[in-house]
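Alright, structures below, take your time with them.
Note that chain A is present in both complexes that follow, paired respectively with chain B and with chain C.
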Partner chain A sequence: MSALGGPKQTGGVQSPTAMGIVLSIVLIIVALGLAYFLVQMAGVIALVGIIIGGVLVAFGVHFVPVGGAPAAMGQSPGIATGVAMLAAGAGLAGLFGGAWAAPFGLAVALAGGAVGGGLLMAITCTMVNVIYIFGMGIPAASGKVDKDPITGDTFPEYKSQGTEGHGLPFISWVGGVVGGALGGLGGTLIYLELLDIYQAQLPVLLNATVEQIAPVAISLAGIFAVGMFLINAVLAAYNITGTIEGPHDPKFKRFPRAIIAAAVASAVAGFFAIALLELVGVF
Partner chain B sequence: MSVKIEVGAGGIPHNQVLIYGLVGSLVLIYLTYLNTYFQTQYFAFFGGLAAIAALIWGTDTIKHLCSYGLGTGVPSAGMIALGSGVVAALFGATTGIFAPIVTIIIAAIIGAVAGLMANHVVRMDIPVMIVSLIELAIVGAMTVLGLATMACGTFEFLGMITGTVSFLGFTVQTYETSVIGGSIIAVIFMLGAIAIQHSFNACLGPGEQQDRTLMLAAECGFLSMIAVAIISFAFIGTYAAFIALVISIIGWLYTYTKYIALSKRDAYAWLDAQPIMEPKGGA
Partner chain C sequence: MEEIVFGIGITALAGALATVAGAAEDTESDIGSQGDPNSQVQLAPQMGYIHRIFNKAVAGEPPAYGLWVALGAGLAWAFMAMQINPILAIVLGSALAVFVQGVYATTAYLGRTASLAKFGQPVYIDILKSMTTVTMAHAFVAIFTTVAMCHLMISALGHPFPLPLLGLVWGIALGAAGSATGNPFYGKERQYQEQAFGAGVPISASGNIVRYAEAGQRNSLDNGFFSAKLGGPASGICFGLIVFFELWRTVVFEELNIWGPIIVGVVVILLFAIIDRYIEVWARKNFGPYSAAPEEASS
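And now, the complex of A and B:
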């Protein structure tokens, strides 16, 4: 750990400070109030959708098995890259799936987003294991638990000495797919809520038809969904600090903190996205 | 996986870089307003220069933040910067001539919320976290706004969503051929993200020198500027875009040679390896 300070290495989970909790509640209420003031009930509904989407993204990130640099050397389990990169990959794949299915209604679009994100993670996890097992010649073994909670496979006899485990056990694979699906679902929800707002406001503002403003509305909703997705994914990554093996990892229990942080960050960023068109033409 | 990242001491103090970056990017982005004033498009390239001023400042901020060992990799800081920045930049753009100032204020709000969440809810407990995330959000916002301005010649929202297309000699106004309607904003987002996250990630470690890292930041910025200059041929006049392209290429060549010279200065030894020559007529 850095000599300059930084997170303290404690055994348990540090709970949020009282100031953090109070600030979170106040900021969410203020954002919802301002959304009601500017865009009435539609704004509140959209902002609630965005907050739920952001929370799903942050929660989903905790499922994804992230190995970081040690995993690239086969010294820790997981996929060999950072949390933010993996989450962005899964979430954006989900977002593309969901955006493509948007004209088919909310349920189909959300399912499309979840399937897109889950599919990307399923392919990534499978190919990671193919490379680990057939390319690097190492078996999948977790360092955090002795037995796979799903298959019941035991790990200690396969784990190399001096490592934290290696490869991608089945529970991590399942975690990756669940995380990708949740991330895709959350990203798509943010996109759809924003798209509804812009498709209602832009035609009035620009005196054009819905078809004419469609490129602008889709592009704005898409880029904001990507932006908010990354804010939530990075806050979740800060919560994990480094590597996580999946839902069986002790670090998974930290997720409530990330959910609070993601809800507040989505509420504030989401408010500005919803209020985007209120100032056009004022100045 | 928290690893302490070595950063070199010395160089220009961070606060000085902050002031240069903030004032520099603000002044440079306002110089693009000469376009509106003189009814031309030749000053669009100042937007790209504003983005570079912001990127240099942002790289120094990332260096300070990441010296605490985030455990999530350097790129995550770049992703949260651009994620919060894009929301602030597009919201700010709707306020006409006040766009750059409003962008800075909104980015500071979103960055402060993300920083407070990271320190008080997620409990990173890093002393510079809040200030760094505020700075990074402003950097991300100024980068997006600067590059978008460079692509379309104006930082006003209506200019970003409307474009013209010539059809059978008639000029028709359309929303599809615009920076936002054509989703060019997504490309700009990624060009900015790559530029901000690469430099420190590439230069960190023992023997890191501030001037070399910041020179690489400027080089990455000019590289992104070349891409945006090529994109801008679609939105602004050919001569204006050509001027932007020439300036980007000259800037890139200059910073690249300087960066290579600085790398050779800091290297223990270097070998100017030549390609292996094939003997004529076969071996």
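And now, the complex of A and C:
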């Protein structure tokens, strides 16, 4: 990686190819078919939930304003860390909240997950601006747009010479919170779907009660949810290539490609997650 | 009611532990130069600037802390299963995890610095000897406090995740909060201390990091001293606020209504939106538009 955080970013939008779309649909159908074959209808429903969760994660990552290495020098706007890492931090904090609220039902747990992820990003983004403003004396300025779409603030006159902008404009702050919330929502959905599957299968497999297998089911669902989260976050990060300012960045328009990739990756990885116990039983 | 008061006490304690963890994490990563600003430490010799800064960024802070905290938590969990007192178990688990961090720091410094040999950058053995132990000490504080916080969440607040998984989740969140908040302060304010205050570093100045201190050459301990003044505490406040609000909204409001924590969470997010917008406008008014001074050019 160069000092400026990767190759020149074109912001170009590449539409998915027909071949890619056909292959993706085939893979998803195969995964759904196998899920039906091994775990019946419950497996198909769970896999659909996991695919939706994965797509939400990948879509959410595109909202998160990430400046990478250049942001650490005030050379580009955004948060000075990696795309996948920051999204994972937010999404997993959401998963923490969602898993805690799981006994209260799907709606409460999903909302809890979304708010948990959004809260982490709200606090982090605010602290980033605190450091930029009170630690470094630098006001926020976007490099991609001249005017904040929400507040109407203008940026060119605040941008330091020789940089692409710096700090977190309000639109990026909002993008961060939306991205964190979508990540928390998606991660929690994956966790809950897997938990349902394991809670149904483990008692039969181990000849035990639901209470007895709860720690195993929660651990398995939790670790798979973390893994699936990272798969989708990293896929989205590859699609972004380097840095993104948030929903106003031209690179944001690349998201359809990430959604297709995330759906396929979630379908294939999700199939192995839900069929894990069946596959273990086979051997 | 008594349960809520107990929960609030635990929440405050967990928030305090998280604050210490965040501060130690950022200071550790700046002494070891593990965050994004390390791109400049790696670049400097290639531009002809030989330096004595530590260099261990072979992994980002979030995955690295995910590993170390999950390792500390996993070992502590195993020791507790062996009927060892929880506090001793957490200390032992964290200490063992810190040895892994020490091995990581040593091999990363040697590997990364050796890769710069063709640009004339030497591997300083005295740097390795004096700084690795300092990063390990800071890492111990960060890992111990995070594992202790995770243990409180499980044993006192009843979170369903097992300790190692919770360690992974909060380790990654700790690294994310610490790197997001602390990196700009280390990168812009310290590595590029010679550049104008109140402006971003011009891209043309990349690699020209500050290499001399008040006396002799600057090393990473000087950077740790600097980070501990603002970047570290700010990262601590960031992570502490995250953990505190995450727990507080659940512990206090779940009893009233199952939707309580969610509504309170949204209110807190809106509150932070107002704070963020206020300081953004404050900065625009007080700092004003950018105006270039003639001596602001690179180097």
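In the analysis below, the second predicted complex is superposed on the first by the 268 of 283 C-alpha atoms of A that agree within 3 Å, B and C clash if a C-alpha of one lies under 4 Å from a C-alpha of the other, contacts with A are read in each partner's own complex, and residues count from 1 in each chain.
Here, a residue touches a chain if its C-beta (ideal position, glycine included) is under 8 Å from a C-beta of that chain, and two chains touch if they have at least 3 such contacts.
Everything numeric in this text was worked out from a predicted model, so none of it was measured.
Student: With the two structures overlaid on chain A, would chain B and chain C clash, or do they fit side by side?
Tutor: With chain A aligned, chain B runs into chain C, so clash.
Student: Tell me the contact category for A:Ala88 with respect to chain B and chain C: first, second, both or neither.
Tutor: Once the two structures are laid over each other on A, A:Ala88 reaches both partners.
Student: Based on the superposed arrangement, let me know which partner A:Gln40 touches: chain B (first), chain C (second), both, or neither?
Tutor: It touches nothing on chain B or chain C.
Student: Touch check for A:Ala69: first (chain B), second (chain C), both, or neither?
Tutor: Touch partners of A:Ala69: chain B and chain C.
Student: Pick one for A:Leu27: touches chain B only (first), chain C only (second), both, or neither.
Tutor: Touch partner of A:Leu27: chain B, not chain C.
Student: Thinking of the overlay built on chain A, is A:Trp100 touched by chain B (first), by chain C (second), by both, or by neither?
Tutor: Touch status of A:Trp100: second partner only.
Student: Which holds for A:Leu279: it touches chain B only (first), chain C only (second), both, or neither?
Tutor: first
Student: Regarding the shared-chain residue A:Ala111, is it in contact with chain B (first), chain C (second), both, or neither?
Tutor: In the superposition, A:Ala111 contacts chain C only.
Student: Looking at the overlay, what does A:Met19 touch: chain B (first), chain C (second), both, or neither?
Tutor: In the superposed model, A:Met19 contacts chain B only, not chain C.
Student: Pick one for A:Thr243: touches chain B only (first), chain C only (second), both, or neither.
Tutor: A:Thr243 contacts chain B only, not chain C.
Student: Mind checking 1-9, 55-63 or 199-207? I need the stretch of chain B that runs into chain C in the superposition.
Tutor: 199-207
Student: Report, in rising order, the residues of chain A that make contact with chain B in one complex and with chain C in the other.
Tutor: 1, 3-5, 68-70, 82, 85, 88, 215, 218-219, 222-223, 226.
Student: Which bits of chain B are touching chain A when the two form their complex?
Tutor: 1-2, 4, 67-73, 75-77, 79-80, 82-88, 90-91, 94-98, 106, 109-110, 113-114, 116-127, 157-158, 161, 174-176, 178, 180-183, 185-186, 189
Student: For chain A, which residues are in contact with chain B within the complex?
Tutor: Its residues touching chain B are 1-8, 14-17, 19-21, 23-24, 27, 68-70, 76, 82-85, 88, 206, 208, 212-213, 215-216, 218-220, 222-224, 226-231, 233-235, 237-243, 257-258, 260-261, 264-265, 268-269, 272-273, 275-283.
Student: Could you pull out which chain A residues touch chain C in their complex?
Tutor: Residues in contact with chain C: 1, 3-5, 68-75, 79-82, 85-86, 88-90, 92-93, 95-97, 99-102, 104, 108, 111-112, 115-116, 118-120, 122-141, 151, 153, 157-166, 168-170, 173-174, 177, 214-215, 218-219, 222-223, 226.
Student: Which chain C residues qualify as touching chain A in the complex?
Tutor: 35-37, 39-40, 43, 60-63, 159-162, 165-166, 168-170, 172-173, 175-177, 179-189, 191-192, 197-207, 230-231, 234-235, 237-238, 241-242, 245-246, 250, 258-259, 261-262, 265-266, 268-269, 272-273, 275-277, 279-280, 282-284, 287, 289-290, 292, 296, 298
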